[in-house]
Structure formats: C-alpha cells, structure tokens
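Once you scroll down, you'll see the structures, which are given as structure tokens.
Shared chain: chain A. Partners: chain B in the first complex, chain C in the second.
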Partner chain A sequence: MATLSVPASRLGADRLLRSRALGKLLLLALFAAVLAPWAAARWPGAAWPHALTVDLSGPLASASDWVVDNRDSHPLFLYFFGYVSNAVVLCVRAVYLTLLAAGWAGVTVFGALVAWRVAGVRLAAGTAAAFLACGALGMWVPTMQTLALMVVAVLASLALGMLLGLAAGLSDRLDRALRPVLDTMQVLPAFAYLLPVVLVFGIGVPAAVLATVVYAAPPMARLTSLGLRAADPGVMEAVASLGATFRQRLLTARLPLARKEIMLGVNQTIMMALSMAVIASMIGAGGLGDRVYQALASVDVGAALAAGIPIVLLAVVLDRVTAAVGERLGEGAEAAPGRTAARRAVLAAVLAAVVLLGRLTGALTWPGGWVADIAAPVNTAKDWMVDHLYSGVPVVGGTADWAAHFTTWVLDPIRDGLQGLPWWALLLVVAAVAWLIGTWRTALTATLAMAAIGVLGVWKPSLDTLSQVLAAVAVTLVIGFGAAVAAARSARCERMLRPVLDVCQTMPQFVYLIPVVALFGVGRAPAAAAAVVYALPAVIRIVGQGLRQVDPGALEAARSLGATGAQQLWQVQLPLARRALLLAVNQCVVLVLAVVVVGGLVGGGALGYNVVFGLAQGDLATGLVAGAAIVCLGLMLDRVTQPVERHVRKGA
Partner chain B sequence: MTLTVPTRKPPTDAPVFSVDGLWKVFGPKADRVPADPELSALDAAGLRARTGCTAAVRDVSFDVLKGEVFVVMGLSGSGKSTLVRCLTRLIEPTAGTIAIDGEDVRAMDKGRLRELRRHRAAMVFQHFGLLPHRTVLDNVAYGLEIQGVGRSERRERAAEVVAKVGLEGMEKRRPGQLSGGQRQRVGLARALAVDPEVLLFDEPFSALDPLIRRDMQEEVVRLHREEGRTMVFITHDLSEALKLGDRIALMRDGRVVQLGTPEEIVGSPADDYVRAFVRDVPREQVLTVRTAMRPASAADAAGGPAVRPEATVAEAIEAVARAGTAARVVDAGRCLGVVDSDTLLGVVAGTADPAGPARPDTVPAGAGAPAPAVTAPPGKPGAPGAGPAPAAATPEAASGARTAGAGGRRAPASPTPPRTGTEAI
Partner chain C sequence: MRFRTTALVAAVAALGLTAGCGAADMTKQASPFANARGSKTVTLSVQSWVGAQSNVAVAQYVLEHELGYRVDTVQVDEVPAWDALSQGRVDALLEDWGHPDQEKRYVADKKTITDAGELGVTGHIGWFVPTYLAKRHPDITDWRNLDKYASLFRTAESGGKGQLMDGSPSYVTNDKALVANLKLDYQVVFAGSEAAQITQMKQFAKDEKPFLTYWYTPQWLSKKVPMTEVRLPPYKEGCDADPAKVACAYPHTPLKKFLNADFAKSGGKAAAFLKKFRWTTEDQNEVSLMIADQRMSPQDAARTWVRGHPEVWKRWLS
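This part shows the complex of A and B:
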C-alpha cells in the first residue's frame, strides 16, 4: 500500500504543478489567439509599429532647451538647484584642497593610520602601498580628485540613506512606499542615472556628485531599514519591559543592534559611489575615471591601465577597511576609553608631524622623478598581442577571431532572431516567462516595461542590447554554475577561487572594459565579454553559497543511500539550492545589463551608444530616451527573473 | 461567566498583583469576544472558525500575594507567556482588570506605565534579551541607565548585583562570550538591579541544559529566601513548578484549570487533564504528612518518632521504617495526628482518599491563606503514582519552599463550582 501510495501522490503533485503552469500558458495562448491576429493584421511587420510610438525627442529637446535658457534666471534654479550646485562645488573643492595641502605623505600616512586603527597592521601596509602605487603611476592628482568627489558623495549618500532607512525602518507605511522604489533603483544600470542630472545641472562636478549620491544612497537606506526591522524582538521586548522610552529604545537598542547591517550599508555605499564616480567622468567628474574614459576613447590601453590600476587599488583598500570595521563591530572588542583617547592623540601628533615635514621640505606634490611610466611598455605588449594573438594562432585561433566568431555565430543570430520576431510575439514570450517564474503581477510589469520600450521608439536598438545581454547571461551562467559546482565540491578549488572573487567583486564596472579592449579590440563582443567577467563573481558566489548551505542532513541521507557524486548534485544539491540558483540568474541579468550598457563606450552600440552620443553631442533628448529604455529593459529583465516574491509570500 | 476565584485575601497580606477576568484575544475585532457570552464560550477551533480570532488568555483571575512565588504553568500554547506579558502591558490585554498594589494597570497612562516597568516589575526572559554590544556590567546597569541614574552610581549598583548572581570577574565580557547559564544570570541581574517589587520570569530556564537549569533554580530559591521578593514564574516544567512555587496556576488553552499549592495540585487534581499531568510526580515527595495522617488514638499518642506537619511523606516513611511504629505529627509540641505505614502507603499508591483523614480542628494559624476548596471528586487514580519518575522534586526543595497554605487543604464538604473554567475541558 505504502509503496503504491507514494508514487501516486507524487504523480498527483506533479500533475497539479504542471497543470498550473499549463493553465497559465493556456490562458496566455487564448489571449494571444484573440489579439495576435488582430494586431498582426492591423500593424503588419515584425518591428514595433510606428503608429504606436510616442516621439518624445521633441518635448525632451525643448525641455532641455528650457533648462539651459532658464538656468540662470528661473527661481527654481536660482534658489534651489543653484545653492545645491554651489554647495557641492564648494565641498568638493574644500576636500580636494585639503588633500593637496596634506601632501602625498600626509594622505598616505593618514590612510595607513586609519587602516591600522580599524583593521590592523597588514591592511595599513596595504593601504600605504596602494597610495604610493597611485603616486608612482603618475596618478596622484587624479586620484585625489576622485577621492575628494567620493568623500563628499559618500557623506551625502550616507546621510540621505540613513534618513531614508530610519524612516522606512520605523514606519511601515513609508517602508511600503519606499521599498519598491529602492528595489528598482538597485537594479538599474548606473548609466541610466547620468542623463537626468545632466539635464538639471549641466555637465560638471555637481551633476557627477548628485548622480553618485542617487546611485549610492539606496543600499544604505535598504540595509539600515533592514537592520532596524531585523532587531531581535526578544531584546526589544526586554528593553521595553525595563520602561525605555521610544528614543531610548532607538538609540540604545535598535540602532546598535543594527550596526552590522549599517556598516555593511556603508561598505556597499562606498563601493557603489566609487563605481559611479568613475562612470560619472562622462558628465564631468574628472579624476581617474576621466583618464580611463579618454584613454579608452583613443584605444590607448596603456594609459587606461595606468589610470585603472589606482581605481582597483582604491576599491580594494576601501572595501577591506570598511569590511574590517564591520567585523570588528561584530566581535565587539573595544579598548578602554581612556587608552583610546591617548592613542588618538599620539596618532594625530604623528600625522601632524608628517604633514608639517612635507610642507617644510616642499614635497607636497608627488615628485616627478618617482613616476614610473607604464603606458609605453603596456602599449608595446599590447601591440605584440595584436600582432601575435589577435588572429591566426594555429588551432585555437586568435582572440579577435573569437570575438568575431562570437559576434557572427552568437550575437548576430540572437539579435536578428529577436528583431525578426513579431513584436507581439516577443511581448507574449516575456509575459509567459515572467508569469511562469513569478506572479501575474511581475508578468504584467515586465510586459508593460517591454511595451514601453516600443512606445519610446527605440525598439530596434533595445533588442540589440537585449541580444547582447542574453548572450552574455548564457555564457556567464554556464561558466558560473560550473565554477560554483567545482568550488562547492572541492575545497582546493574554493581556496583558489575565493581571493579572485573577493577582488573582482569590488572593482567598478568601468575597469572591466580595459582588459577586454586589450584582448578583443572594440565591438559588441568585447562589451559582452566585459559583462561576463563583471557578473561572473557574483554568480559563482551566490550559487556556491546556495550549494554549501544545502542541508547537510539531506546530503548525508543521500550518501547513506549510496548516491553517486552526480546523483547527489542533480538530485539533492541543485534542487535544494533552487532559490539561490534563481537569485543568481536574477543578479546575473542585472549586472550584465549594467556593463553591456557601459559597453557603448567601446563599440557595444545600441542603447549604451545612444547615451554616450547624447552626452557627447549635447543631444539630451536622444540620450534621455535611451536612458528611459535602459530603465525599462532593466525593469523587464529583473521582473522576468524574479521568483522570490511568490515564495516569500507562500512561506509567510 | 461563572468564574469567580474565591478571594484569597488574608487580612495581613494584600495582593501585589490582582488579576480579574483577564482576556487576551488576538485577531480582528478582538474586543467583541470577551464581551459576547456566546463567543467566549466557544473553544479555540470554534472561535477561530467563527471570528478568525485566537484567545490566548481566557477569563483568568488570580491574586499574587506579597512575598510568594506564584508559578503559572502549562504546556506551550497554553497562554502563560501572554499572561505574564499582560501584567505589565507588554501585550495589551483585551478585557479584565489588573491591579498592582490596588492601582489599575490598564488605566495607567504612558508615563505611569513606564514608571511601573522601571521600578515595580522587572522581567527575566527565556531568550535573555541581552544587548550584544554591551558588556555584562553595562547590560546589568541598563535598567538604571533607562531610569536616568548617573554612570558611576549605576555601575556601582550593577557591580553589586553582578556579584550577587555569581558573575564576579566577568563584568567586562560581552553576552556573546558567555554560556547560556551565565547569560541568564546577567538577565536575572539586570532585573534585580532596578530593585523591583515583583520579578516576572518568563520560562527563564527552558533554554538551558538540565544541570545548569537546576543550578539556576537553586539560585532563584536562594534569592527568594534571602530577599523574599515577590515572583511570578512562568514555566512548562512541572518539576520546576513544584520545586519553586508556593502556589501554582495550571493553564490549559488560555484558562486556569487549577490553582493551588503544589500539594493540592498533586494530591487532588481538579480534573483528568491535571491528573494526567501530575501522574508521574512522586507523590511522596510533594505531599506532606498532613495528607496521610489520621487522628491520634490514645495508644498512638504515647510513643513513636515525631515528624513536623510540613514533612513530606517520603521523610515520614523513612522515620516510620526506622522506628517500626507509627509516627506522630507534632506541631509546637501538640500532637496533630499519626501516620503509619498503611496511611503512608496509601498516599504513595495514590489509593488514599485525599479527603480521607479527618482534620483535627486545630488548623495551625501560621499556615497562611486557607486554600479554597478543591472541587474535583477525589476519585481513585488508577495510575501507580509511586513509579520511579524522572520529574522528581527534591525533598528539601519541596518542603522548604512551602509556606503559604501548606497544610490548609480542607475536605470538600459539598461539590462547589469549579474555580476556573474547568467546564471547558
């Protein structure tokens, strides 16, 4: 009886599941059967019908003109944006001048001392070495420019994020209102933020800082709110039982309990701010990003590398130091207050002495003789690569050949396929996939976002971008899942991968373009390759974590039944890690899109190019439309791959 | 609503907490449930089906006397944790009255309630509720900090309490570096530091290892002996309840099914539920010789060993076995009755009619509140009560903790209505 009933019930469950999916598909098919012929008859052709587009370039251009005309006269600009803009410029300048006045020795010592206090000797040495390397690469001044912009943007982001996080953490209504906005902001590519701020502030430092703030504040707000909401209810109850007031509860319990999340928020905000500060070089941020941007524009890999290395060093140092602060908070080890104050005084004295010494000896700027020019040798190496590795290598073929093959065999067919598909069929596919993975709500959002792209009149370039995203996602997932499975099954593999992943995950998107341009030249394939490299660490990490967190009891049970390694993987680990796998896909799509769009800088074409073109030519209308399409594309891709919501609701 | 707990207000002791007709209903429009006799009579499933509400506490009434350890015991889901939170309105009650020293708790405004929580009732929690970012000392001083006590003074006072609960030398550690037992000592110290009138314990030792749990129970017994503080103790562990409680309220499905001394609960369970609950308790270690004694005849009065009226049956068995004759129950030089092997065996076997031995007219005046009549028919529990049970209350704890109403059980003259909602069972 028992043996009979088990398969029977499983079959039943299976059938139920299938029938639910089938039901959704049938409903959609019915819908399609009615509407598709009508739509096809009404608007023949595969591309989005022209009759259904709304041309926004006219109104946008006039809006942009209006802003330009009124920037110096309209009260909104005079009394609000003007002040904001001036304050930002003033702050950045003040920080920049302070950094310069401290001299290279002062800044290096300051960084090392801070790192030493919060994270120990090794990180202090690393920090000092990183600063010295920035100087040695001849990038001291750009590094300080970027740092000054970062300091201001990060402080503003933290303040803004903290406020929003407090509001969302303490008020359910505000949380409901803010959460979808913050969630959506999180998935949008950095590129999409550039144009709106340029429209208001024009190209320059204020626009760069504000774009950075808008981009970097959401993680702080999200994590603060999360930390406040996740406060141990037992502790909060105990605090209330002692008669604490609301303020006391917040200041002595809720905020300290959330300190780990808040510190993680600080870390993420800093990393995102760096990433954006580099990209914002396109709208006048200056500094390291600008050097990379200029070098990439002239395909000068050596110069790009010389500016890219300081960015990576800055990223790694900032990440490690802030992460170390978080860990230290977790341990909760603190010295006695008296000793801390004494130590601080000593450190301040050391710093002052170094700065003074620098001033007296007149060595404030990095000495010119100490600059190592790596651009020339790198370019020589690159030229050698172009000559010997690009093509014609026996058997394996050259990198340029690979890129060309990838373009003709993968990217082109996908693009042509997408563009050849009737627009209503594509909408149906989006709806079907989103509905099967998520809820009818995510399906509706995804379909509407896709339709909005058509309405904006950028159907074709958007599909081009989409084809690059799909190809890069496929490659990333194959490599990422493989690497993660290998790492989960072999400790040695994991040990080898971990430091690489740690470094890769901290680097700004922009930097990834440098090596791919060196290897593959420019075009759509390099953009996709950069996206793969950028998204890979996150995918490997999420999948690896999911596999490792599989209930060891279930795995042990499978082993005790004599399951082979492959059986364990396919029948236990992967099914149990399903949520992690889906999350990895979701993250992968979001990250890939972000870089594919940035790839517009290196010949990726499509929407990214429109944005770059809009910025470069001052044609904001084109850029804004492309930016809006990027937002829609990001929304669509995120919703299509968003399975989480339904399961959370089910569990709750 | 036949629920009237016979007021047990001895003239000398005013109740610290006085709870009357307390309801806590979770769910939409919870207010209507206690108000509507039809709804309030429904059982849990019926209530949920009808209204979508869950009644965690149903019409509970009791008084907590000054200086006693009042135990609320029940299985998980019986509403005992909700009940104790209602006392200081950590959970807002739905209906009924709560008074602390005669002052209506439900009528208190925010400031007054805060005052109550700060100075009059402090709570110890099952999962400790310590602040992980503070040292032991700062955790203990936290209640004082909330009250606005200056830094040096509160640290000084906290240090005293830390020493009192046996944590000297650990002041600088953080909760994460302590064992479970040590953490609960911190929780206890935090509650003690504010010098409250009442200590509320919410299953404080349930998360601890058995051995550490016993240590902590003894710590509580010790503290109570030394300070005589009023305590309300929530537990799901019968042996803990018997060991610590002066009186025990046994809860089931939100109602108090029996309220009485450990001896009453074990000796005359109010219904089958309680009977099943206490079946495995070694009766000879909880019941006193008062239960077993019979009137002294002239022959008995002459000789044999003497035992105190508070002595447990187990102790009397030892005395009787040693002497080989019946033992006299002697209180202040007067012989109250005798126990012999027959009567003692009857208690152990559970065959003795708990109402059996006629009480002498002289009830000791110091026996505290006269316990209310227990209604359940004596019955003949068929269970072998003397089986080797794991839930053994140690003799000295069982006898040492008895004060109020230890011997005051009176034979039910007539079947009085149940004291609590036993009709629901």
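This part shows the complex of A and C:
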C-alpha cells in the first residue's frame, strides 16, 4: 500500500489531506500511549491474552449433538427444515430426471438453440461444443448433476434476490438495513458459508443448494435495488402524471428501466452459484465438484483436469450467454412478434425431434465408446514435469525449490513477524491503516473484527492465514500492476490479454488448485500461488481500466512539458488513477482470502485447514469457529482497504 | 428455460400435494440423484485412502456387472459418512477404522445404521520409519530413543523439533496427545492428505533420507518403501478411552462395514451382497497397487481383479 499512497501525496495538491492524515495518526498515537502500556502490563506476551477469549467449542459441540439427536423428532425440523430439505431434493431430482430424459443429444441441442436465440450463431456453436466436450471427457452424468443443482440454486437465488432487491429498491428504510448486510456478504469467502448449513441439514444436496443460494443471492438483490433506484426521474414523473397506479408504475416503468442491471445481476448470480456449487462438493453436492475433490485428495491431476474442464466450459458458456442477453436487452431490439412465434415453434419442433430420436435409438446416455481418456496422458506429462521441473533445474531452480524458498523467505518471516507483534500493536496498525484509507467507521469495524478473532481464540492460526494473504497480495499487486501498465500502454498487449482475463475471471476457485498442486506440491506456497492466479485477472482489469480512463488532456499536457514515459506514468497516470488502484487492492485482498482458505485442502494449514478438519472429523465446533474467524478476517481486510466511497464490485 | 421451469412448477405442486399434511423427516431422504429412470441405484461412500477406493471399486464393479445396479459414489470422510449413512444419503460405508462414539449413537441408540460385519482386513495404525533408517540405527524403533534422534527429523515446518508426519486430517489419530503425553521433542505436521504424505515419503525414500511418519497397514506403499514400526507403550484395552490422555500404541482393528438400516432391510440383492463382501489383505493390496502404483483407473483395476478371482467374489453372491 505504501507504493500507492506515496505518489498520491507527492502531488502536493492535497496537502490538506496529508495534514488530516497526520492528525488521525496523532490521535491514534495518543490513544495508544495511554492504553498500550496498560494492556501490555496487564496481559504480557505477544499472543492474544487467554483471559480475553470466549471458548465456544463446548456450546457449539452440544448444539451440534442436539441437532443430530433431535433431527428426526423435534417439530422445528419436522415442520420447517424438513420441508425445506424435501423441497430442495424434489426440485433437484425433477430437473435431473428432465435432463436425463432429454438425453445428451436433447440437452446439447436445447442449449445450442437457447444460445442461438439469445446470442447468435457463434455462441450456439460454442455451447454445443462445450456440452459435447463434457460428454467426451466421460463427465456427462456428473455434468448433469451439477447442472441440475445449479438450475435449482440459481432460480431460488434469483427469486430471493429479486424479492430483497425490490424491497430495498422501494423502501429507503429497508435499503439502509439491508445494504451493509449485502455488502458484507459479498466480501466473504464461499468457504465460510459451508459449515452453518451443515450444522442444520447435515452433509448432502440440500445443504449444498442452500449454501449456494445464500452465497449467490446478494448480487441479484444489490443490482435489482440499484436498477430500481437509478430510474430516470423524468420518466417516472411522466408515468405518474399519466395517472398510473403504483403497481403499473413498477411493472411498466421501473422494472423495465432496470432490466439491464437486473440482467447483470442474473449473470453475477449464475457465476457465483457455479463457483459455490463446485466448492459445495465438500459438503456432499456431488457432480463435477466431487470428482475434482476426489482427484485432489489423491493428487491425481489428470482426473482433476478431466472434471475441471467441464466446469470451466459451463462457466464460460453461461457467462457469455447471459451477458449477451443483457446486451440485447440494453439495446432494446425486439424482433417482430409474428416471426418470433413462428421461429419458436420451429425450434420446439427441432428439439422434440432430437429428443424423440434419442429415445427411439436408445442413445440417452453418452456412449461409452466416445470417451477420451485424458487422465493418463496428463498424468504422464505431470510425472515428466515432476521429474524434470520439480527440482534441480540449473540456474532457475525447480518449482518445488521456488515453493520451498517462498515458504522460508517470504511466508515464514511474515507469519513470525505477525505472531511476534503484540496483539494490541496489531490492532493499532489495523486501525491506523483503515483510518488513513477510509473513514473512522471503517476503521472501527476493522479493529472490532480483528479483536473478535482474538476473542474467538484463533489468534495464531488467523495470523498464519493473514500472512499467506499478505504475501499473495503483494505478489499479485506487483505482477498485476506490471501487466496492467503494459496493457494500458500497448494496444496489442491488451488485445492479447483480454480473452485470457475473460476466461480466468469466470472460473470457479476450486479449479485453480489443480495446476498449482501439479507444479508446487502441497503446502502453504501452493495455496498462495492459487490465490495469486485467481486474483490476478481482476487486478489487471481494474488497474488497466483506471489507467485508460485518465484524462487524456492531463497526459497531453505532461507530454508537452517534456515528461518521459516513466514520468508520465508515475506522476500523472498513477496518481490520477488512485481510486482505481485502491479498488484493485481491495478486490485483490478479498479474492486472495477466498482462495487462501480453500488452500486448506492442499496443505495451506491455518484457518482453511480448521474448516476442512471440522468437516472431515464432524467436529463442527472447530470448523464453525474457524469459519467465523474467516468472516472476521474478510471483514477486516475489506474495511482496511476500503476507499472512502463504495463501488459496485464484480463478484467472484 | 421454460422447459425446466415447467418441470419445477410441477415438482413444487406435487410437493405441496404430498406434503400438505403431516411431518417431513429430513433424515429419511435419499440422494436426489438416486434411482433415476427406474434403475436401481446404490450410493457408496468413498474415503480418500486407496484401500477404501479398492473396496468400493470392486463392489461397484460386481454390483453393476453382475447384479445390474447403477452405483453412485460420493467422497465423504469417515465421520461425516456416519452421519450421511444414518440419514440415508449414502447406503454403505465399507471400511471403518473404529469410531466407538458414532457406533454407540447410531447403531445402538438411534438404530439408523446396521453393522454389516467385518471386511476381512485387519488394520493397524502406528509410527513408522523406513527400514533403511532402522537398519542404520537399530535402536530407533523404541519410542524412548526417539528424542535422541529428533535432530534427524527436523524440517522447515517442524520448527526446531523433530517432525512427525501425519497425513489427512480425517484419519483416526492420537498423535498430538501422544507426543505431549510421552513428552517427546517432536512436532506433528499434517501433510493435508494421504496423497501428499505419500508424495513426501517417496521423495524422502528416493534419497534414503530419514523420516518418521504416522502410517498404517495394510498399505500398498509398504511394498515399494519397506517400513518398520516404532514400538510405543503397549496397547491395553481402554487405554485410549480419554483422547487427551492417550499414552499407548494404537490397537489392531478388524475393519468393519456399516449399512443404512433401511437399506439393509429393503436393499434386496445389493444389501445381501454388501453384507457378504469380505476379502483378505492380499486381495485389497493387489487392487490398491494397480490403482496407486500402476495408475490404472479404479474401474480397470476392479475388472482385472474380478476376472482373476472368480472364486472369491462368487461366494459373495451366493
């Protein structure tokens, strides 16, 4: 962060700002001078004092036992959760059976036709190719399972998000109440949502679907509310003056005006649901995620890739198709109604013919002979890499050596430094950084969140996780800023980067673990590496946008004054793009945390490991406490890096 | 979308009709993916170690090719598998390493899980060193001498102490308590998964480097990297009753199978077959070696084994 604030203050124009920052620091120093000696004397030692912790594992363990013992008899479960669970199972099953009944040809043709109608021929071909690839990889049934789960979860998320969005969009009071909650929910890692649902529903599909709904609904709610609130007042005035009732105004003016935002919400919700549906395989979602999870457990990179590719294909297709719908809605182009109806009839006929043909020929399941086994060649290639790149490569060293060096030279010092710092000093640092970047409100939230981690009694593992986050963030920012500057200065570079970024941003977090396990083995370094790869696209994109939006007049002026390229960059572009840079840091921190905790699956240790351990040993108390600490850490990191004004963020 | 929406509406309507009155017991729900399109489905839980994969692969092959079932497998660790088993979300757990708490709760008290007999394999957990190291330092195989050699086992992650390598967080282990109660100068380091542990062990063995690890038999790797057990204070009945105070070795555990109680009653041929499923350590190791060492897919390994040993699996069907 130092690299960011220095050029900003160097400008000199905001001397006022600097003096205010100085004032804040002085106030904090005063505060520290009074409280720190007292705290240090009362509770000596660097770690969070044991006297200030609350042990939740006892009550949580008995709560979990109570749930298991009363699940089949207590009215709360019989008359409420039981129905929820039943409804989920029935819906998923209905969709799954429909997909199976349509057969592989039917589903492929249906997908291609929908894509063609809403997004054109190229996407239709892409969709068909994606479905066929899923089958060819031998993943047809898992793909359908994931798809069935997704359809139910997405529809439920959209309904819930729409409802909340309508409420927040129409009522100011509800908006004030909901916004902080939704804001916070969007920055929390998917991993933290797993345990509470397991506590109530047990391992299985209902828990997986509900966790997905909770994770995926907020963007829909936020964007719906945003769209409703942004309605052109002139239009609203006109509609009102025509004597429209409240309902008419809502249905004929406000909602149609907000359709672009709503469609963006649908897109976001689908992407987040897919990402979660895959992670939820840890709590029994089945399908593609389960295959990746099984393969990761045995470090079988080939099998993990065979299941990971369909996930990526599904993500890219869904993203492109929904984005295309959004663009079409934005343009407001509508075909003539008569032609549409005729076309629809033809399409339905084509679909019915394909499904019937499939049924008659008995070719509903993907033919076994058409499966290409990519696991074996991939594993051969991986073994070759392990033998040749893993260690002992002359001059540059092998990937395992890099991982070991990263662990001993970067991760270990940061972790030891954080754990060696007295707890009150760490709280002060958090408060100072948050206050300098944001407001006293964000600083207070951040400090309280950090303190809550201590109170939960997981201070040490949380600092371990924090050290991984900081190291990964630093690496991401260095690479990301470099790539973004290159992209912003050369159009060719940007053209080459864009498709890569597009694909990277749509991939679920789980998939990133596969290549890093192959390259770096197991431990904290691969977890950090996966986080870097995951967060990089967002950073490059935001920084690049910020640099490109810099007022060309200012650049022209600098150039005419004879500034060199480096001077233009450091003294004009970067300071003027300060807001975008801060937003990039904020995004980076949030995204990195999300993956670092998933890294618990590949030996990342710390909080992520505690969650995995809690799930694996049925020790929900450990897992829930770690989950809560992840939530606090996410809250703290978000608030610390939060620029004064909030932006709508692109979900993970 | 309309296609699916209609199906959903129909499903919700059906739900409303069937569930309009009475209670909904969420502990009696099958997986939504089970019994699709009139096929009979068995859902088996798989644990992450290769031995468990071998059991499931062979059971799956026989169920699919001899009995005409469709088999779904779900990766669940042992303890959550007990819970999933009790709720009927999986039908069978084929290799359990002894979970007395869960057995009391679900088999004796709630009667939602049925004991399905022994797998035929006896498992044993312990601390092991590679045999090449035991030959170099014969007295290393007694726990009392471990402190003397702690410096041999030091690594970046163990921080000044000797490293005792553990594998997956889901396995049965008392190692942290053991290290504390025997007052050893060691640090337990979890590799995160068994696969990671095996990768590490193979790398150590390639250079004949010393290592101390949590390990168990039967294990296919013992054929590749011969291991020697370190003697801990002997196991006595009940010495591991309090997990925090354990100071004795691990027992020899006859591995057991468990079935969901409803499935055991009404599961027909599949349930009868899974109850009779019983093989030897050698059989299991043969399949495990094919999967883990020769990199065959579990299906192929199961097919090879089934073709070679009709006398064993024919007994399970009679």
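As a working rule, the second predicted complex is superposed on the first by the 628 of 652 C-alpha atoms of A that agree within 3 Å, B and C clash if a C-alpha of one lies under 4 Å from a C-alpha of the other, contacts with A are read in each partner's own complex, and residues count from 1 in each chain.
The rule is short, and it goes like this: contacts are C-beta pairs under 8 Å (C-beta built on N, C-alpha and C of every residue); 3 or more make two chains touch, one makes a residue touch a chain.
As the structure is a prediction and not an experimental result, all values here were calculated from the model.
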Could you classify chain B and chain C on chain A, in the superposed arrangement, as clash or fit? fit
Please indicate which partner A:A244 is in contact with in the superposed arrangement: first for chain B, second for chain C, both, or neither. first
May I ask you to decide whether A:T252 touches chain B, chain C, both, or neither, giving the answer as first, second, both or neither? first
Once the structures are superposed on A, label A:T407 by its partner contacts, choosing first (chain B), second (chain C), both or neither. second
At the Cα centre of chain A, what angle separates the centres of chain B and chain C, to the nearest 10 degrees? 160
With both structures superposed, pick whichever of chain B and chain C touches the larger number of chain A residues. C
First (chain B), second (chain C), both or neither touched by A:G234: first
Once the two structures sit on chain A together, report how near the CA atoms of chain B get to those of chain C, whole Å. 23
With touch defined as at the start, can you tell me which chain A residues reach chain B in the complex? 232, 234-235, 237-245, 248, 252-253, 256-257, 259, 329, 332
As the complex stands, chain B meets chain A at residues 85, 88, 90, 113-119, 122-123, 125-133, 142-143, 145-147, 174, 176, 187, 190, 194
Quick check: in the complex, which residue numbers of chain C touch chain A? 1, 3-5, 7-8, 10-12, 14-15, 19, 23-33, 36-37, 46, 48, 50, 53, 72, 74-77, 79-80, 82-84, 87, 89, 105, 110, 156-157, 168-170, 190-196, 199-200, 292, 295, 297
In their shared complex, at which residues does chain A touch chain C? 68-69, 71-72, 75, 77-79, 81-83, 85-98, 100-101, 110, 114, 145, 148, 151-152, 155, 201-206, 281, 284, 286, 290, 293-294, 296-300, 373, 375-376, 379, 404, 407-408, 412, 521-523, 600-605, 609, 612-613, 615-619
